[in-house]
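Once you've had a glance at the structure underneath, I'll fire off some questions.
As written, the chains take the letters A, B, C and D, and residue 1 is the first residue of each chain.
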Amino acid sequence: MSNAKHHNGLKPWQNKMHEVIFEAETKAGKLFDIVLLIVIVISIVVVMLESVPSLSRNYGSELFVLEWIITIVFSLEYIARILCVGNPMKYIFSFYGVVDFLSIIPTYIGIFVTGTHSLSVIRSLRLLRIFRILKLSQFLGEANLLIRSLKASRAKIIVFLVFVLSLTFILGSLMYIVESPEAGFTSIPRSVYWAIVTLTTVGYGDIKPDTDLGQFIASIIMLTGYAIIAVPTGIISAEIARNDNQHKPSTQVCPNCSQEGHEHDAVFCKYCGGKL
Amino acid sequence: MSNAKHHNGLKPWQNKMHEVIFEAETKAGKLFDIVLLIVIVISIVVVMLESVPSLSRNYGSELFVLEWIITIVFSLEYIARILCVGNPMKYIFSFYGVVDFLSIIPTYIGIFVTGTHSLSVIRSLRLLRIFRILKLSQFLGEANLLIRSLKASRAKIIVFLVFVLSLTFILGSLMYIVESPEAGFTSIPRSVYWAIVTLTTVGYGDIKPDTDLGQFIASIIMLTGYAIIAVPTGIISAEIARNDNQHKPSTQVCPNCSQEGHEHDAVFCKYCGGKL
Amino acid sequence: MSNAKHHNGLKPWQNKMHEVIFEAETKAGKLFDIVLLIVIVISIVVVMLESVPSLSRNYGSELFVLEWIITIVFSLEYIARILCVGNPMKYIFSFYGVVDFLSIIPTYIGIFVTGTHSLSVIRSLRLLRIFRILKLSQFLGEANLLIRSLKASRAKIIVFLVFVLSLTFILGSLMYIVESPEAGFTSIPRSVYWAIVTLTTVGYGDIKPDTDLGQFIASIIMLTGYAIIAVPTGIISAEIARNDNQHKPSTQVCPNCSQEGHEHDAVFCKYCGGKL
Amino acid sequence: MSNAKHHNGLKPWQNKMHEVIFEAETKAGKLFDIVLLIVIVISIVVVMLESVPSLSRNYGSELFVLEWIITIVFSLEYIARILCVGNPMKYIFSFYGVVDFLSIIPTYIGIFVTGTHSLSVIRSLRLLRIFRILKLSQFLGEANLLIRSLKASRAKIIVFLVFVLSLTFILGSLMYIVESPEAGFTSIPRSVYWAIVTLTTVGYGDIKPDTDLGQFIASIIMLTGYAIIAVPTGIISAEIARNDNQHKPSTQVCPNCSQEGHEHDAVFCKYCGGKL
């Protein structure tokens, strides 16, 4: 199968390498993905540990060495990816190409510039590379189903979010009048922030109503937030139930026109009219 | 199409204007809606920024000028709307007519009266004008579906809310006996407020049980709140699944055996094999 | 219709009264229910206001008079209910009979005993009388549907709650070892309380992990709580979707055996085999 | 029935005992399970009460005696289980065998070693034994349905969790740059912890954004968390609806036309009218 789809204009070693690095159909390709996955997770752990003051003080040099090993591994991988694609520019400016570049560049810049606190955090984007594992067959279908369901219900979700944001804005403005700045309602943006914290049932408790009227309005916001969470849930549930491949009775194939997708109670093929 | 539906008793320029301002079927109508949408968002941002003490101190005059520009734009639009409808009174006292009026009047009153803190917040209602964008075709169907689903499950949701409010009242009263005023349970209304905060899983933490019995009752309220959120969700999910047009089989009827219930992609009747 | 169902052994005036007080089919019966609903709501508001220290100090006597008027109205209603039922004992010891009695007795006891703080809160049970309005036809079906759905999924919900409680107990015990008493984890019951507060996403913030390991375990509890809320929701959703009368194609009646409940695509009656 | 399935190589008394201890089909077996359930619950309560400082100080000796009674009961049960299974090693190293062993050993170790605070908490694992009651017939089907639904949607839930964890990591890193250590964002792990607390809508309030930009990003996380909870719910709902046995048509096949998909209450085939 892998022999059948030669990439035009690529040399055999490039094809071979492309198969290992970019695909997950062969054994070597799967192994490469799993090794990469492990390195990504380690690199993320290193980024996290470096940010902990006590650890970076005591194990700074160990983490520094580990960071450079990971950066060199990622750099080699980046070069290999460029070498084995037919159109390097297309890869470099693709989403994953940019992520791959941002994963390695902060460490190199760190040589010349010191105190690159914010810069080193960019390496967190390495995590995005993890989504490459979705190529692994058992997750591909599931991820596609979820993405398809979210896409199909996009318009409904926008309508819902516009409604929720309007509600938080109007109720936040109302609370700005009702409550005093002492309770934390110092401006409309802050009151809207409070309304979002309350409606989404997060409830930090740093800003909270003190007056009776304020608590009454807050109760209404809470009950509203508690009840309307049903709306996105209902939207996505209905969408997933519809999109779910397993739900469709797709095993029946028309013996006449070979088309699938017939319902359970179908007697005749709905495409060609042949008896099933 | 737009030629076909002349508004009775309206002059051609009124018809033209009505099409642009009130409808979204023509290119000019869509453009008008999008421009209006942007102005509304800017006006909302201005209202928010004005309420921030530090900003209103430093950029007070800039925000004042911006506010007046927006008010004049909205005023012109308001006059235009009155001019191009057949029955101005009906528009003025309609929901959107009142909202349009309340969007502009606080700025004018501000000339004569000073210290109109609360009054200026009324301008927040400008946000409601945003729902006019729902006219845009891709959202209309979705919004209708959501509203239809909520309307259809109205009676169920009222029953559920009566149950939830009764629960919070009775458990709040119980906590008023069990817990001391020191823990924040100073009166039944405040205890009920706490029960709502807890049941909806908001959990500010300003009022919280201190005694063992109180924490035990609180645990029951939390688990109840955690479990019964399933009820509105189930109601709305079932409703959306039923109302969703795409989920319904097409309205096609087999010309041969007159049976319905065919899928949208069906070419032949699944019951008799006749061509649809 | 109301003539057809005479209650055995009851005099005509008793039947008439029973119709008004216990039923909601006649105009008078509906009116009675609505008036009662209003009185119940007022009585609840009085109970709430009495518990507010500042109000009970200033308006104590007004609230006292109002309370006695309500008590006398409820007492008369209670006597009327006893008079017009065939078997008074059965009513008195029924759920609503006990609630009706508990609604009025605390006020009478208050004459002889003073400082009946806890006792007066029993009057909160008046709220339960509100569920009598469910007799009103538009809510009856909806309430039945919800109760039927909850009953049908009772066994599933018990299994789920046993699982959730076990999880909170084991994770609470674990946190009791990991975290110090200073962070609030003073005993296993308190740690379990914290686990419930966290799993249900309430999150008061009075007890919270301080150590890294504790925060890691807490993160797992939160994500678990966030994910498994899907389980009761899924249970109830599936149940409501199945139980929903409108979902069932119950309008078709077999012309042969007059039975309902046929599916949309049924050609023959599934009970008697007659053609539909 | 119990006579029919003799365990190979087991003596009659072993078979008898196995039936009582491991099964729940006979009356004695059910009684044994219920008694065991009560003892487990008591033992859990004892573990909890022992951890409360005030109780363990005042009632230490009573709890000590109770603990030893429970341990001896559990020990006898453990020995009985080993005696009546054909392959004791298989039971001892099975999940429940290990749990049974860990339920009793901490008390025995406590004789020789003092101050075994952490060790005694291991007894919390006794709670896991409670899942044996799932053998009781009315719960078995429901538990299986829930487990089957969760297993079937495992891949989808992993994809969802990878997405959620990536989101919390990237937003947590972002907040680490935006917010100061004073607000609690002292390191990336702590910021990620905050992101999880916020996304899952727990919201302790110990770490919370103070800057405008931080509160803006926090609002986005909250709204995201509020909206995407719909995803696991939708997954599980669709799965439960599909797996629910009662929902599925019966497995009956029409003897006349061989068609399936009949409801459980069907007497005649809905397609051809033949008797089922």
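We adopt the following convention: a residue touches a chain if its C-beta (ideal position, glycine included) is under 8 Å from a C-beta of that chain, and two chains touch if they have at least 3 such contacts.
Not measured: the values here are computed from a predicted model.
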item: Copies chain A and chain B touch via same or different residues, half shared test; value: different
item: Copy-to-copy rotation for chain B and chain C - C-alpha atoms, rounded to a multiple of 5°; value: 90
item: Distance from chain D to chain C - Cα centre to Cα centre, in angstrom; value: 28
item: Approximate Å spacing (C-alpha centroids) for the pair chain B, chain D; value: 40
item: Chain B: positions in contact with at least two other chains; value: 160, 189, 201-205, 225, 229, 233, 235, 237-238, 241, 271
item: Chain A-facing residues of chain B, complex; value: 44, 47-49, 51-53, 117-118, 121, 124-125, 127-128, 130-131, 133-134, 138-139, 141-143, 145-146, 149-150, 157, 160-161, 164, 189-190, 193, 196-197, 199-206, 225, 229, 232-233, 235-241, 244, 246-247, 262-263, 265-275
item: Contact set on chain C toward chain D in their complex; value: 155-156, 158-160, 162, 166, 169-170, 173-174, 176-177, 186-189, 192, 198, 201-205, 208, 212, 215-216, 218-219, 222-223, 225-227, 229-231, 233-235, 237-238, 241-242, 261-263, 265-275
item: Interfacial residue positions of chain A with respect to chain C in the complex; value: 201-205, 233, 237, 265
